[in-house]
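Worksheet: the structure to be examined is printed underneath.
Note that the chains take the letters A, B, C, D, E and F in the order they are written out, and that residue 1 is the start of every chain.
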């Protein structure tokens, strides 16, 4: 049981889902986002409006906390200036504030898009080197290197969860393999928090899908055991999908549609914004 | 649901078993073999007698199909001339006919004997390089390279299932690790067909045996999850077996008896013809 | 069913637990230790007091046996002279006696401490090279090289079980990942005995803990499938533990407290003597 | 012979050295830096004062060029804000301007400090994953991921030269292994320019020192063959050095003093500013 | 000094060059090809016209020999039927005849095209798995698997020389990296013959070019040390070449133009028939 | 220039050769062996008769020294009791005495026989795991693990030189690849001493033979550059050798004749006692 835990991105889809379970892991939960509010709060929860791009705001936000669950970011490919400010500098500001406030660990929403250009027919593991598919993925790569640096030089721990497709239910053919259920997201974040020592760790965030395209065996020390499985939607979704062109990188690469979207072009270009 | 699917080797043990389940995955199933017939047909099934060694026959056979499940081959070590014609040229004829007819994918019965000389004490993965144990295995290696070439140059997909020991039940000590049940074979072939994009993929065909000697983690994108387990026969079969000499390559290598049989000598030399 | 099986270390915690299950795998079990006796014997069990450091005693002990389960050793870090005699020379004496008596296999209690200096954030597999953390671990490394030599030059098989934390129940935060239950120990030793051919094999001895920090996929041919899971004690044990310092090698390395204990200093320095 | 080539960082030590040799590889050389000027110009050289942190300035600077040799950056550890602007955003601005202007390739001064936390006793290759030792190194990691992204999504080539210690002569014990002579720097940059196709490539910049601690075999396609060797200074420099403490990360890690310098603290803390 | 050595492909460019040096390594050289003759013979040389596709002819040809240097093949991409007969069956016939006649070793002209689809920016080693670029390359892959099989089952040695571009002098930009001089070819073949034990070995055949794109460190036991270097032609050839498009697989992949030529289309489509 | 350096095995072939060059690297050289003396001493050299198996003798011997060059051992396969005392316990006594006396580094004569069972057709690197071929090799493996342990727990450095065949000139066919000249031995030991930081390092001791079967690229930080080459004896030695049987492990494995000699049988069984 942590004394104080901070959640960024609390107004987002994933952050919003995490508020309740995180509130049960600590005596005091501070939820934060750029929005005015996030609706009703849990009894031990407070909300702080703060801008990730503002170092001073982050420094204040993390004061006295033991860990930060950092989900605040643009959740899609976007122009460089936006990604740079929210995702890249946002990550830097969180890590630096965590260090200055003496936090123990950053639990970070990284993404499959850090390695999105790898073909699906190649196994990816927690050691797969960076092959970002977008500015979005590039910022995730930066945060992984940043986390490693702060661990090796400053002994600030971090867990980098390379999340695949986190939605209420799988909504396209790719997600039969890449889906992460909300319950499994909770399980993953819980383990990233309650594992006593993590150092610098990378792990994929995906459910126990039959067709999950990743190998998490290198992160078994984190004890993440997903329980949901997109396979029960497979027949229905595949029946509704046209055949996928195997020569299209959007189908062939781990990053899916991000592998072919032009750099910097986001939500309008993509039907499935969480990729 | 495919429009048209072709099965070769439909008169063989494994092909014969696959006819019924495959007929449920397509509107039209064309079963083929060198035999005169294969008995009663499913309502949507037709039978075509065709010789794998005849390029023109293969070209006709695959006309209009979307995929071919290629199980036609001599299922044992045999003299080179026979392996060459049925297994090596047969594979070539199928791939070339698939390409010319615009098929999307070849689902191929490869074999553990493509890597049969690897010691069992070394983990084998989907990336283990070729170490064939027989002419039979050599032809499987050829078909894997062929499949990779057609994928890389012509964008014809293929799934190479390196099958271990597919029999109704395990029938010797080696099979406690290497058994593939008929039901799991069906599961494997089904996934090789219904996975939307496979590119060039290799996967081992083995049940969920406690002592399965392979690591399929590099093929998780195919979603193959076996359910049967040879372990329930272990006590009985081990009790009936004499101790196995660990210095005998037939016991020590993944290829089992194929690892020691003289090249080109088949059924008469081996008690267990499926190896 | 073996004719004759020998167990060393029968008076120790783990050896003592194994006596009953081993007695059911053979017609004749010979239990041995340096103690005067081990209490009541099974009907097919005899006890022989013998000193591991005495080559002649080992030669007599193994006469007529088919396998030896070698658990006899100091089960803790200790001064070099003690480790050298009991653990290093003891292993040599057992292997040499096994060879001279024509045994088929040595089943050996190796230890995680053979690779204890590897950080927990690095995956360890059955191929991870030696990085011992103590004299205790150094002697385990020696026995692995010895076992490989006897297999390659003399065709004596051996299974090296790198045991993590084998206790009745998990008793500290590290053990949530590293626990090996007594029942799973029995399963592991049973498979090490009844697998028909093992050559030289290495495998980790750990239960099916959610947070098990090892990857046994390279030893799947041994068919070890643990069933217990330390996770059910996680909440209770973590609640009772102070936060672990991630910069302390005792928390960061696979060897746990052995990673920081001074060489040669044993039981008095360590609360958890099985590490 | 290129039509137009741009050099950034032309007022720096390394950039200044490169002006003359680069002027011989192109019809028109544009040298650029933040300084007012760089002294006498070659007949085919022009100088443009430009700020790396200004996207528009970079866009203008690269207009009409075929390649850019990007050496402009703070050449030392420095506070984050400075590194972020000059080294990280500077790299982004150069790559984006190169893409918009249709350049073919960026030749980039990366650094050993992208992997500076790797122990010297571990071989490093062009595939060694990022382990930055400073903010300086972190920005180099960012530029490598950026270069890979622009190659994979936009087909802009780049060569990332991980330079070790480029000085007129070796000036400390570490440099006996890590020295890059000015002549070898010229050879390296020349090959990075004249190799017809490079895609995304990484290579270490080090002379042919007997004790060079890197393995460039993965970059042999670039044809870099250094000719100088720091060994001739070894006796003299070692004689003048006190014994190095092998437990000090500044001596044990590839990054040398950067491995222990506090993040963000630069020139005053380090005797050897190029690391 | 061998008693009897056989050379196939003696009328080809490379085979013709090898006749003289091979005649000095044996008491009796038998040169063979499909042509009527090969001009003047060395005193210890005889010529035998023989068809590689004729098993009986090969059996006779190799009678009494100790080794065969097998260069006979179509030296270009060609229709499958032609490659199959001359290159694939030709290799089989040579290996089988070598085995039946008790030869010790086959020295074989394999090719870079066995791995021609690998991008040049990836290091290739003697362990790089097959990625053929043509039917021509596919037949080379077959011969490597065949050679491995005959070594492991029949103890017939073979050395597979993956030759890059063997011409009198480099004749295009790719060859600055891939050239193999005739003198270095002689050195390579000589070492493949005079190394006392080779088992099954793979090695790249390339000169000591600065920009040689391969890593032969895994074949150092063969002692091949090339002395020529295409670099002296680099300036002239690069000056005469148009810029190469880095997005064209013919420039990006190890196989060069074979990486894009349609399967089965040979000499007319390629300016540089030896690839 | 070291103040005090100790050499063990000074009466042996290799140790005897090293006395003179080592005397030039230090102010005081203490040579030691079990013999009564080693003949004329250098002006700064003293001789101490001491038994490696005697811990107290080693403790005295190393008093005040900075490094020890440990060549004392039985230089051949021998019965276990002899190898155990001189080679295994001898190494332990030296390391422990070095630690207690505060030495900085042990420079150790390890051997190819630590990995002697690896086939020559497999590349061996400094990371190749242990595969000893004899008791002799087993003791070398032990000393490598010991050295790693003392480095990781006690920060005592060590360099493990896996020497191949060190003789005045190559004297058999194997040595054309495996020869280490006396001059190159001197170069290697000198670098193992004068490299400022080595941590725990492994390197092969072999000359610059064309056919050297090892890859030292992982030890480039030690700067060992051999200059001699056994190739000049190749023609003569090969001409005098009968053909080597490639199926004989003595020819096929890196350990040469040690790969087939019965364990414990030494000089009488082997014509070439240094292997």
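Just so it is clear, contacts are C-beta pairs under 8 Å (C-beta built on N, C-alpha and C of every residue); 3 or more make two chains touch, one makes a residue touch a chain.
Fair warning: this is a prediction, and the values are worked out from it, not measured in the lab.
The set of chains touching chain D and also touching chain F is given as E. Among the remaining chains, not one touches chain C and also chain F.
Comparing the contact residues of chain B and chain C by number shows a mostly separate set, under half of all numbers used being common to the two copies. The pair E-F is the one among A-D, E-F or C-F whose contacts match those of D-F for more than half of the residue pairs.
Put simply, the C-alpha centre of chain B and that of chain E have 33 angstrom between them. One simple way to say how far apart two chains are is to compare their mean CA positions; for chain A and chain B this gives 40 Å. Averaging Cα coordinates per chain places chain C and chain E 52 Å apart. Looking at chain B, residues 217 sit in touch with two or more other chains.
Chains touching one another form the pairs A-B, A-C, A-D, B-C, B-E, C-F, D-E, D-F, E-F. By the touch criterion given at the top, residues 1, 104, 126, 155, 157, 191, 194-201, 217-225 of chain C touch chain B in their complex. Interface residues of chain A, counted against chain D in their complex, comprise 80, 84, 89, 92, 96, 117, 127, 129-135, 137-138, 141-142, 145-146, 148-149, 152-154, 262-263.
Residues of chain B touching chain C in their complex: 119-123, 173, 176-177, 209-215, 217, 231, 234, 238-239, 241, 243-244, 246-247, 251-252.
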